[in-house]
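Think of it as A, B, C, D, E and F in the order they're written, each chain with its own count starting at 1.
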Amino acid sequence: MELVPGNSLITATPEDGRALAVLMARHTVRAIQPDVDVLRDGRPDYAENVDGLTSAAQVVAIEFATIAAANNYWR
Amino acid sequence: MELVPGNSLITATPEDGRALAVLMARHTVRAIQPDVDVLRDGRPDYAENVDGLTSAAQVVAIEFATIAAANNYWR
Amino acid sequence: MELVPGNSLITATPEDGRALAVLMARHTVRAIQPDVDVLRDGRPDYAENVDGLTSAAQVVAIEFATIAAANNYWR
Amino acid sequence: MELVPGNSLITATPEDGRALAVLMARHTVRAIQPDVDVLRDGRPDYAENVDGLTSAAQVVAIEFATIAAANNYWR
Amino acid sequence: MELVPGNSLITATPEDGRALAVLMARHTVRAIQPDVDVLRDGRPDYAENVDGLTSAAQVVAIEFATIAAANNYWR
Amino acid sequence: MELVPGNSLITATPEDGRALAVLMARHTVRAIQPDVDVLRDGRPDYAENVDGLTSAAQVVAIEFATIAAANNYWR
């Protein structure tokens, strides 16, 4: 599985950039834990847990900061 | 639901930029956990929990850093 | 309540910039949890808890990084 | 108590900049919790707790990043 | 063990840059805890724990931000 | 104990820069908790605990980001 889907940080729009940030975060988790069953079993622990959701949102925010800078903030 | 409401990071003022940061953080949580009932049930766990509130404020701070840079700090 | 008091990141001095960072962090918590009683009840949980204080200080540090960059570090 | 001791981010050396980062983090905690007794009682909870020490070190790292940029990395 | 494999932050592609970020995070953990048995015993605690996975993904995101800037975002 | 060993962020290579990041993180912990016995007793709590290791790796990642920028990424 690619760590950086499309092997580029350049996207047409902020929305695409944000989607890439979410994907990159997910693909990194998959690279660390390739066992999909483990991830599926663990999903309730973060998707139904506010601390888990907030931590995940923080990772996306950090990835997006990098992608936004890469795209010169789509100015 | 849009990940980046309005599909742009450019806002007229810092206040608008901050509001966008809050929205982007919320929309990311919704993208990770689309089930609104789960989110509603979980709200007390973070909105009535100081650690939860502080973690959420941290996500907003990171998102705002990106949006502020995108707007050249509204200088 | 304003998310960005004064609707500007530009301040005369670093001290003012730091005070703005503290205010912005607090106003974000208020925007997430408007119920002042909930916040007052929760204060001991973070103001008398070192982890809570450290996490709050981290949010201020991130906000200040943005404000300092906005003011070109008051060079 | 000043939030930014000396009301400037500019220091002569990285060592002075690092000391300022530690001070700024501490002064922020004092601004959030002015009661010195509470802070003194809480000290073992973070100074004798590795998670507490690591979180405190993280705040200093973020503050230092801002101060280092302010001083153009003392190049 | 090298802290920065290849002793360079410059990579041909974002994918290579991301792989370097993962490696740098892992090599830092190894530098802090050289005992491979300890690390192997501890793996389930983070690879089968969503908080652990999210925290690890956050470290990779921060490392990647540095590598991406080093490579001028592979523009 | 120096907070910034060598009182400079400039290093010859990324590897040296990374080593400096690890040292700066450690020296900050020592500045916060000078009692070496306390630190030695606490080591298992983070060096044999994945959350502790990940948090420590995160501090190094933040310090390294500053050092890498200081060295213009050793381009």
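Definition applied: contacts are C-beta pairs under 8 Å (C-beta built on N, C-alpha and C of every residue); 3 or more make two chains touch, one makes a residue touch a chain.
Bear in mind the structure is a predicted one, so any value in this text is a computation, not a measurement.
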| item | value |
| --- | --- |
| Graph distance between chain B and chain D, where chains that touch are linked | 2 |
| Neighbouring chains shared between chain B and chain C, ordered by label | none |
| Chains contacting each of chain C and chain D, listed by label | none |
| Fitting chain D to chain F on CA atoms, where both chains share a sequence, rotation angle to nearest 5 degrees | 60 |
| Maximum centroid distance from chain D, chain identifier (CA atoms) | A |
| Numbering shared by both copies at the chain F-chain E contact, with half separating same from different | different |
| Centroid comparison with chain B (C-alpha atoms), farthest chain | F |
| CA centroid of chain B to CA centroid of chain F, Å | 31 |
| For chain A paired with chain E, centre-to-centre distance based on mean C-alpha positions, whole Å | 15 |
| Separation of chain B from chain E, taking each centre as the mean of its C-alpha atoms, in whole Å | 27 |
| Shared-contact residues (touching 2 or more other chains) in chain B | 49, 51, 55-56, 58, 62, 65, 69 |
| Chains in cyclic order, anchored at chain A, direction fixed by chain E | A, E, F, D, C, B |
| Chain E to chain A touching residues, read off their complex | 13-15, 17-19, 22, 47-51, 53-58, 60-62, 64-65, 68-69, 73-75 |
| Contacting residues of chain D [partner chain C, same complex] | 2-4, 7-10, 24-25, 28-29, 31-33, 38-39, 42-43, 45-46, 49, 51-52, 55-56, 58-59, 62-63, 65-66, 69-70 |
